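Pasting a structure here, questions to come.
Per-chain residue numbering starts at 1, and chain names A, B, C, D, E and F are given in the order in which the chains are listed.
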Amino acid sequence: MQNEIDKARVLTEAMPYIRQFYGSTIVVKYGGSAMDDETLKEKVILDFILMKLVGINLVVVHGGGPHITDMMKKLGKEAVFIDGHRVTDDETMEITEMVLSGLINKKIVSLINKNGGKAVGISGKDAMLIEAVKKAGEQPSVDLGQVGEISKVNPELLLSLTRDGFIPVISPVGFGVSDGKTYNVNADTAAAHIAAAMKARRVIYMTDVKGLYAEYGDEKSFLESVDEAQIKELKKAGKIGKGMIPKIDAALYCLKNGAEKVHYIDGRVEHALLLELFTEAGIGTEIKL
Amino acid sequence: MQNEIDKARVLTEAMPYIRQFYGSTIVVKYGGSAMDDETLKEKVILDFILMKLVGINLVVVHGGGPHITDMMKKLGKEAVFIDGHRVTDDETMEITEMVLSGLINKKIVSLINKNGGKAVGISGKDAMLIEAVKKAGEQPSVDLGQVGEISKVNPELLLSLTRDGFIPVISPVGFGVSDGKTYNVNADTAAAHIAAAMKARRVIYMTDVKGLYAEYGDEKSFLESVDEAQIKELKKAGKIGKGMIPKIDAALYCLKNGAEKVHYIDGRVEHALLLELFTEAGIGTEIKL
Amino acid sequence: MQNEIDKARVLTEAMPYIRQFYGSTIVVKYGGSAMDDETLKEKVILDFILMKLVGINLVVVHGGGPHITDMMKKLGKEAVFIDGHRVTDDETMEITEMVLSGLINKKIVSLINKNGGKAVGISGKDAMLIEAVKKAGEQPSVDLGQVGEISKVNPELLLSLTRDGFIPVISPVGFGVSDGKTYNVNADTAAAHIAAAMKARRVIYMTDVKGLYAEYGDEKSFLESVDEAQIKELKKAGKIGKGMIPKIDAALYCLKNGAEKVHYIDGRVEHALLLELFTEAGIGTEIKL
Amino acid sequence: MQNEIDKARVLTEAMPYIRQFYGSTIVVKYGGSAMDDETLKEKVILDFILMKLVGINLVVVHGGGPHITDMMKKLGKEAVFIDGHRVTDDETMEITEMVLSGLINKKIVSLINKNGGKAVGISGKDAMLIEAVKKAGEQPSVDLGQVGEISKVNPELLLSLTRDGFIPVISPVGFGVSDGKTYNVNADTAAAHIAAAMKARRVIYMTDVKGLYAEYGDEKSFLESVDEAQIKELKKAGKIGKGMIPKIDAALYCLKNGAEKVHYIDGRVEHALLLELFTEAGIGTEIKL
Amino acid sequence: MQNEIDKARVLTEAMPYIRQFYGSTIVVKYGGSAMDDETLKEKVILDFILMKLVGINLVVVHGGGPHITDMMKKLGKEAVFIDGHRVTDDETMEITEMVLSGLINKKIVSLINKNGGKAVGISGKDAMLIEAVKKAGEQPSVDLGQVGEISKVNPELLLSLTRDGFIPVISPVGFGVSDGKTYNVNADTAAAHIAAAMKARRVIYMTDVKGLYAEYGDEKSFLESVDEAQIKELKKAGKIGKGMIPKIDAALYCLKNGAEKVHYIDGRVEHALLLELFTEAGIGTEIKL
Amino acid sequence: MQNEIDKARVLTEAMPYIRQFYGSTIVVKYGGSAMDDETLKEKVILDFILMKLVGINLVVVHGGGPHITDMMKKLGKEAVFIDGHRVTDDETMEITEMVLSGLINKKIVSLINKNGGKAVGISGKDAMLIEAVKKAGEQPSVDLGQVGEISKVNPELLLSLTRDGFIPVISPVGFGVSDGKTYNVNADTAAAHIAAAMKARRVIYMTDVKGLYAEYGDEKSFLESVDEAQIKELKKAGKIGKGMIPKIDAALYCLKNGAEKVHYIDGRVEHALLLELFTEAGIGTEIKL
């Protein structure tokens, strides 16, 4: 019995946090081990449903790069990356969309619904959620194909779904307004733009690292909290890896559009979301203006 | 950190229960040690707020007999009980109302609000919530004074308050529709009638005993669950004490008016409400039809 | 019959006034003879209900000083006043709250409901309506105990109750946000702050004098209407008594927060409220910016 | 001052009546002296506005026979009546509609609005409010022209207008669903059918007689209240005049469709409506089932 | 069958236009041949209903001068015009109102409703829609009688009717706020003021000419589109006829109050409204700022 | 110009039909040539958008068998059919879902949105729209794998989307409530069950045949309209092909659940939907009870 009482006490300890986020919109970029590891996955899903039950308007944006590469292989097609972007010809785009919107998206939805949530899986093409334009390669001669940059987010569908109690799960595929083509968009950036359009309060990136470091590789330089000024310095000092830069820029973008904080948390930690939101622990790095 | 992860896990374990009661109305009769013991009291208040945060329309009905007797003493007046009812002359009624609606009620309200809830303390006279008529004494010659029987509950105010996010806290004082007098009503019965009028899903009585027994005093005869048929037998066999009978009748009344279950739980156990609602443990006795 | 026709004509004469206040919020500070005299009381209650029926969002704030002093005496406690404030130790606060929120408040509620209104009695502690802080004594060495100054009014509960057709009746007791204690607040000031928070159109103080005078005691100097400039002059000339100053300051406060006019009316006159609002007569003193 | 206090008292005396009708729909058939006498007219208009202000959903249906006859004369056309019905050829119908919907209707509207109400004048053709069919003459050989019988009332427009705070004023002209023609319908019957379709609580006919009599001409036989059984007897005994029969039948029709009472009041009495609704006097004859 | 397929194709061709106006308010000034020619009339009515069905908030304002003159003649009264205004004595006003609000207005309503729309005919006196003041004659000595200038439009009734799915049909009669008299107002001006008050997107004047010309009589100088600057020049050059000036000024007035465009279309062309709104053709002259 | 006028006339001819379906829910099963032929596809999409614009709550259910078989081939997997069902092992289900929910579904969505509609693509797994159970093979020894039978439809998501102006496009994939697996469900049956759950008024099956025939192959036996009795006879006489039977049963199912009519139309005809709904032509076979 004492055990059960301890559990009840835990619930009441979470209360101030629950109250704090009641009615707030939180966008979670879901990916990495938290999405691929079977044990972790089950736990994240429970975290999602709990967040919704205690009054958070949860929006999930997922990635899925490795699965695309796998499917391309099965279909005898090799993945080519230039400057970190997957070169996306018509066939690659079709595979990408099929895998992201048809497989990964619906698996997340199923898992949430099986556990009692009410998820709805959509892509950025639904209700013109994500408008995109073709991204220019860094080298003028390079054509990245259907790699897109987000030009606008139309949040009506998300507002409608969250208001009616659903958890939107979004596949990072955009619609080319000028050419009607489908575009592969960066999931991190998509999460930030969606958060900005929805006036979200928090954005949480689930990654496979502990967070940000002032000196990459030096555990002691781990950053619990950074602000814009510090980020500028770190960038200047070359301390932020090239792959990390778009994520950091996305974070700054949504902070400037009304988000209170952006978190990078370690998705390899069980219940990382609940730890971050509902306990004193807090994990990972938080970014503020 | 493991400790924090364990806490997060507890939250997710509570999820199926939270989901089950989401949007339901639950009436709690609050009294006994849970109301008088300083340590327990703080915990019950947290339980109340948590119940509200996870989507329960909570309604609290409190008692307060001993405090009335104390105040009567201070004012040099002796409490007289006949057949378990406090004989209530005009002055006693005034003291009763002052203590119940002015002191106890507002203390509970303060405690909830201090901890972050939004409680509103009312009595059965507000918005004519509890209509009462004079109760006849068991012996015709006895005049119990302003002891009332509930003749009708008008739940509009409660529906309005719960819809707008408040926790109504109710003092068991009724309004005499035919004579305009104030009446002292039984808090257990009030909880049952309010539950019936609000179509509540559960009614929980917080008491200072473990629950019901088939053989009073015989720990082995403890009843985890009883239904109407068993209650009839127990009554017939004289196993239900005279003081318990109105409580049991109140339970049957609200079950017949739509409640799913009525619980008698031991308010001396910490977080007894959360244990009963949100863990597998379950405590006390449940009554079903 | 002619008599009845005359009555009907009276109704139509009131029409322009009824139309003028339709949908407006009016806060009435209720006290003095209008609250204590049995005959007057009945009439004021009818006025309250009529105001509500013809479309006014009525909010009533009551006082109750003399009753507190009586109850203190009964309990063998002497009332001590310093600079016009009741020194309020813990026990005094408990008696004050019991009398204001438990007795007087519920009596007004009963009387309104008995006559067909729908009143709900609350105190400033309910839904954290009145937030208060400890008042410093004028002499630094004096500790007034739990005498409070209003630091904030949270009008949500009042807006919810008035929108749903109820008449809120408010006991002037506040909640100490920083210390969780209960505070005795001035009812006149409470009425003004509540009016400001609710964007009320009018505030009416029911008193036991005819209104304001330029020369106290000189009937000919009676003021039907004064504005801020005149008040400044009167203050400067020492024409406003010390006890009157907080009332006048409260009036100016709510005028500066959107109220159109503040009225001081003589509660000893039958149907003083209706006379002021619905007839050409008008009584008492009106204060405008 | 005493005079003003008396006036205020009158307002409170009206309160129980005001409360009783708060939120109810009342249909008034407006005609006779109350519509034609300049002095009376002004007073009735005030009564209409007051009814609306104190929470009644007022609907006015007017007649206008004499004015039609006047206009016909001006245009060199003679009015022909058979069995009490105006024989209505195309030109007569045009004059009828012009006078009823263009002149009388708008005059009533103007008068209400000038005095501060919000009236909207419509005819039974607007939003297909009154559907009509051609009335067969009593003698088969007689063609009454466009005299119509009401076949259906579509109350949507009235519900919309009353909900938004307007007073609908209705001209008794119907639309022939099968032939698209305009029909002259009986205003008394229209009031009854509209009341039935709107689930009105009361219907009040303003006439130029005191009410109903058991023996026409015998003042002592005046009927304050009659029910269906008595009406049957009176009819049988030939005590109800031929012109009165359709009015009586209309009354019974709306009583059977949910109205509580139908009143015949003497429109020549000042403020007859207020007397009937808001004073103890009560005038005229009431019909109940 | 091919024929039917062609019809279906036409529907889809109209789609971009339908989408463009979905949810917009459009005010149509209805008059001329489109109102008087039996064949054209039927077609315009169908256009009205279709506009409403495809999501336009349609408001119709009609004129009716010639019919007034006819009725005056029948009643032996001669129409007198000064500077283009009908001199309107009391009797003329009564005839005007009777014809406009009683005859023409209700005929349009009938025709719409017979064809399946839900029209409601009102005049500017209903709900005080059009407030007017007496118009001064150009020559000081001339008294035009009840010719009015619009001083204010109160659009509440129109907003209520359009929101509830009705088509308001408005007779150009105004209410004199200062004198309570009825005023004859210019229908063109009324349409412009109503459009401004309703924040309408378009105003369409149905006339009996093709549109505006730079050189009246010179077909080649026909103007498809003019803006304010051009209008100024045309006025200066005396190219805009005196009768046209108020119409043009009305157009500029509503453009300055938020309308996107004002159209003058030739009502003699079948389905002129649909051509203008839903086909590429476009007809008449459009005026923009 | 005459050409344009003819077009406008077509719009008004469609009006009675538009009015008839205004506000109705219509489920379209979209497949066959209408989905695969590039020219036809564009036209159907326009039809969808027009239906939505004129007030129909459109719901689209698509199929996609041939595309699944294609993708299976590309991945080196052979499609196996038993009794008309695709044997669906885990890998086949994954391919099926990827193609249906990831490719086909999003292509339809894109096409609608590109043309100005607001489509949202979901599968039966979203918000648990389609609950399914494993289908038993006709021969007990045969395991069809994840071929599902629909056990329940939860229409909340569809009601929410249609109310907010979106066109839901549904991929026929169901969620196994008892085993959490994904199921391949028959698109025809899905359309019928969705229609029943939404209380749809019409269900339209777009096929590649003209409709139903009494004698297959005998053009003269074409059926324009059949009812339940005739279907029974045709079945008995063996006139309905095995592949057609589930479609017919689905039709009867939704007719019994409130649909007015079910249509089988020839998707090879341009604008077949508009022809069926908005012209007198009507095409294909209609089934009624």
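Note that in this section a residue touches a chain if its C-beta (ideal position, glycine included) is under 8 Å from a C-beta of that chain, and two chains touch if they have at least 3 such contacts.
Since the structure is predicted, the reported quantities are computational estimates derived from the model, not experimental observations.
A.B. asks: Moving only to chains each one touches, count the minimum steps from chain B until you reach chain F.
C.D. replies: 2
A.B. asks: Spell out the chains that contact chain A while also contacting chain F.
C.D. replies: none
A.B. asks: Starting at chain A, how many touch steps does it take at minimum to reach chain E?
C.D. replies: The fewest steps needed to get from chain A to chain E is 2.
A.B. asks: Counting contact pairs by residue number and requiring over half to coincide, which of A-B, D-E or C-D is equivalent to A-F?
C.D. replies: Matching pair: D-E.
A.B. asks: How many degrees of rotation bring the Cα atoms of chain B onto the matching Cα atoms of chain E, given to the nearest 5?
C.D. replies: C-alpha superposition angle, chain B on chain E: 180 degrees.
A.B. asks: Taking each chain's centre as the mean of its CA atoms, how far is chain A from chain D in angstrom?
C.D. replies: Comparing mean C-alpha positions, chain D is 68 Å from chain A.
A.B. asks: Could you work out how far the Cα centre of chain D sits from that of chain F, in whole Å?
C.D. replies: Using C-alpha averages as centres, the distance is 55 Å.
A.B. asks: As a quick test, compute the distance in whole Å between the mean CA positions of chain E and chain F.
C.D. replies: 46
A.B. asks: Which chain C residues reach two or more other chains?
C.D. replies: Nothing qualifies.
A.B. asks: What's the contact topology between the chains, one of line, ring, star, complete, other?
C.D. replies: ring
A.B. asks: Residues of chain B touching chain A in their complex?
C.D. replies: 1, 4-5, 7-16, 18-19, 22, 43, 46-47, 49-50, 53-55, 116, 269-271, 274-275, 278-281, 283
A.B. asks: Going by the contact rule set out above, which residues of chain A touch chain F in the complex?
C.D. replies: 74-75, 94, 97-103, 105-106, 109-110, 113-114, 118-123, 125-128, 156-157, 160-161, 164, 166, 173, 175, 180, 182
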